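So the structure is just underneath, and the comments pick up after that.
In order of appearance the chains are A, B and C, and numbering begins at 1 in each one.
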Amino acid sequence: MSKSFSGGIHPAYNKAMTAEIPIADMPLPDKVRLPLSQHIGAPCKPLVAKGDTVAMGQKIADSDSFVSAPIHASVAGEVVLVDDQAIEIKTDKEKSRFSGAAQSYNNQGELRQIIREAGIVGLGGATFPTHVKVTPPEGVTIHTFMINGAECEPFLTTDHRVMLEQGQEMIAGSKLLMEACGAEKTIIGIEKNKPDAIEHMSKLIADEPAFAVTGVQVKYPQGWEKQLIKSLVGQEVPDKGLPLDLGIVMNNVATAVAVHRAVEYGEPLLNRVVTVSGSGINKPQNVRAPLGTSVADLVEFCGGLKPEAAKIIDGGPMMGRALSTLDTPITKGTSGILVFNRDEVHLFSEDPCIRCASCVDACPSRLLPNYLALYVKREMLDEAEEINLMSCIECGCCSYVCPSKIPLVHYFQRGKQEINARNRNQ
Amino acid sequence: MSEYGLFMIFFAAAFFNNFVLIQFLGICPFLGVSKRVESSLGMGMAVLFVMTLASLITWMLHEFLLFPLGLDYLRTITFILVIASLVQFVELFVQKASPTLYKALGIFLPLITTNCAVMGLAIMNVTEGLNIIQTLVHALGAAAGFTLVLVMLAGLREHLEIHDVPKPLAGVPVALLAAGILALAFSGFVL
Amino acid sequence: MTDKFVVGPSPHVLGPKTVKSVMWEVVIALAPVSIAGILLFGLDALLVLVTATVTAMILEALVLHRNLKPASILGDGSAAVSGLILGLILPPSTPLWMVVIAAAVGILLGKHAFGGLGNNIFNPALVARAFVFMSWPVAMTTWHGPLSLSDWTTRVSVDVASSASPLGGAQHGLMEMFLGQTAGSIGETSALAILLGAIFLIVRGHIDWRAPLGYVGSAAVVAAIYSFLGGDFALTTIAWQLMAGGLLFAAVFMITDMVTSPVTKTGRLLFGIGCGLITMVIRLYLSAPEGVTYGILFMNAMVPLIDRYTVPKVFGEVKSR
């Protein structure tokens, strides 16, 4: 019996479209647009001005806040726009080569500083600054480090390919992260629909006594941090708490690779692997693209859109964000760009709730989505908070199973916003 | 009823002869207080207190004073005096012990005086020829049945409030319909 | 290349179930029971079922859509389900005008007065049955035994050919009761047909095991205690009790009615147990012939309270509160 958690759903995975194709490096785009906020925490402030020439890998924005991460130029070139939202650079293709040196450190603090300076954030999509994650507060000891290789969202295969192609780098990065947070052992959790990754990883860690690979049940949202921890060690992270509270730190596969590259080559976060997939794109594949590349350039590299393409999604189909234009940049958190055809797009139409409780059975947080939606619709925010609206992780399982097609996550997002606004005003 | 066992008296008062849904007594607080589950529980406790004490005191009054002296025709007025005084006492107590409950119950607390369920119970104890233990159990059963049904209706009304009841029926009308169907459900408990 | 893309909230893929698919699959699950009822009780049963179902669908079309177009009459399938279930819990010899009134009461009072699909508290078919039972008790307790093939097309009048149902005292062996060769309401007699329907619903994921198991389990326990105290304890007695009357039918099709049962997992179990207890207490200790209707209606009224007090602990809930 596979290890798992209660609730969850089993959507069609559609990973075969891109899982077997090696990662392609796309050519440099003509222009990149780097938003100042690509992470959780305080947005950065620009360090360059319009007209400046920047080198590839140069730090161009930073923040004084602890929970933040600097932004680097992903290409060399001339800064053509600086405003309070983003920095745009016109690429100088000749000069866009990164050169850096190995970084050395004497202690945990210095290692964490290297991670910070490289602008590394959680690349699974949460974009939480990594150096903050590996710095536990006073009195908390971390004993286990975990690598999140679940990748539960349908269509996405970026972590899968990175594990297969950059597995050694990932192990090296994991060792650094283990050192940074002080853990004694590492568990790599991989969903069982990736047997080749499980086998490859097991081989790589054969001589590493501190490492273990565990296959977990294929279920969405297995890759959500708290659910994966439950599946791997059977413990539940406290509702309003963090894995730190259990002495655990978990990072994504690509984050570990980035940490290795930061220390080994002095390379900051300049690019990331994005799964371009879906029935509306001509050549679905995984692409390594410089941060700030526009989705339009990425789509063109993948053969362009099919004529019936109707919806573009940044991320996975369950939690991703629909884009209104292709003129949007790839950021540190963009794990996928999905293109859906017209006949796959569901337009809004809500039937009455029939209290079938499919949502209650599917919710991984053990909430009562039908009542929450009822309360939010009637502005009964106290009652909604009482039955734990704020613990909703917006995974979308409830909306997926609802036969009445009620946009539950949408209501919860609104309700949470209103509760936060109300709490702020008090 | 006086030939039934104690368990049967309790059960009869709570279910087969439920004061609200079968005998249709005490409808006023049933509809007036059943908007919230918390206030319904409080009301139930108040009614339990009044019903039990009123039953005992009126029974003793009847047994040792009215009946021996042939003053049965004074039953109604003496019983109501007893009930009114007890309710006054309960009112003072609730006001002190739980001001929120006092406010939530509002006018319905003093209205327990005119609650035909309490009066009906007191009279029934006497006309059915129950002894004092049976009277006590009868009162407890009646109060239990009253509270149960009150709390159930409160749950239903809170539920109806957050659902899309058609506008002409929203509020009291649909509560009456729900109460009616609840009475239909209780009609299955026949001895 | 178009630059006009559809934008909407996540998730962007939705599951295959719709209200219509759920409702019509329940109708399919009711097919074995309906066919068994028609085979056993003849033309009468067919007319009752058709009248109940069609009346329910027409009334709902009028209330919701104010017209009688085919799409409105088919609706989302929920009226068909309520109507068919109502027909299945009526005796086969019910006069058709009574069936029409029952369907009207069920759909209009039991469902739409409360706000329509998803808003009703009480099971519409049971509201209808309780109403009709109280108004015309004789018609509701007049049964006739299963027909032979030669009698199949005759419309049996209420006074002639009535016989007792198992709960009314008729003696039947267990196999007879399993196959359905006893008197009773149209859908209630054949345990076999009911089980077929149950298997379909379980496979399609429309019913949760908790409520039915709680119901059948608690009923079995009460029956066991009763027979033990009565001195004739035997497993066959318990099986007999379970197959008599509408208990199995209710366990599969009425306890599991989504709108009127609790939403939480523990709640569903408690709901089933409560219904089972009340049903058996009424059957064994009180003089009503059948306790299923009242047990379920009573527990329907408890559902808001059950939901309120069985809210599950959220993932990672810290006990220190």
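Going forward, contacts are C-beta pairs under 8 Å (C-beta built on N, C-alpha and C of every residue); 3 or more make two chains touch, one makes a residue touch a chain.
The structure displayed is predicted, hence computed values, not measured ones.
Trainee: If I rank A-C and A-B by number of C-beta contact pairs, which comes first?
Mentor: A-C
Trainee: Nearest chain to the global Cα centroid?
Mentor: C
Trainee: Indicate the whole-number Å distance between the mean C-alpha point of chain B and the mean C-alpha point of chain C.
Mentor: From the centre of chain B to the centre of chain C is 34 Å.
Trainee: Express in whole angstrom the distance between the two chain centres, defined as the mean CA positions of chain A and chain C.
Mentor: Going by mean C-alpha positions, chain A sits 48 Å from chain C.
Trainee: Averaging only over C-alpha atoms, locate the centres of chain A and chain B and give their separation in whole Å.
Mentor: 61
Trainee: Return the residues of chain C touching two or more other chains; collapse runs of consecutive numbers into ranges.
Mentor: Only 116, 118-119 qualify.
Trainee: Can you list every residue of chain A that touches 2 or more other chains, as numbers and ranges?
Mentor: Touching at least two other chains: 352.
Trainee: Among the residues of chain B, which are close enough to touch at least two other chains?
Mentor: Each of 163-164 in chain B touches at least two other chains.
Trainee: Quick check: in the complex, which residue numbers of chain A touch chain B?
Mentor: Result: residues 352, 374-375, 378, 380 of chain A touch chain B.
Trainee: Could you please specify the touching residues of chain C with respect to chain B in the complex?
Mentor: 109-110, 112-116, 118-119, 121-122, 127, 130-131, 134, 282, 286-288, 291, 293-295, 297-298, 300-305, 308
Trainee: Give the list of chain B residues in touch with chain A in this complex.
Mentor: Interface residues on chain B, with respect to chain A: 162-164.
Trainee: Write out the stretch or stretches of chain B touching chain C in their complex.
Mentor: Its residues touching chain C are 16, 37, 151-153, 155-156, 158-160, 163-166, 169, 174, 177-178, 181-182, 184-191.
Trainee: Which part of chain C faces chain A closely enough to touch in the complex?
Mentor: 1-3, 5-15, 17-19, 21-22, 76, 78, 116-119, 206, 208, 258-261, 263-265, 268, 307, 311-318
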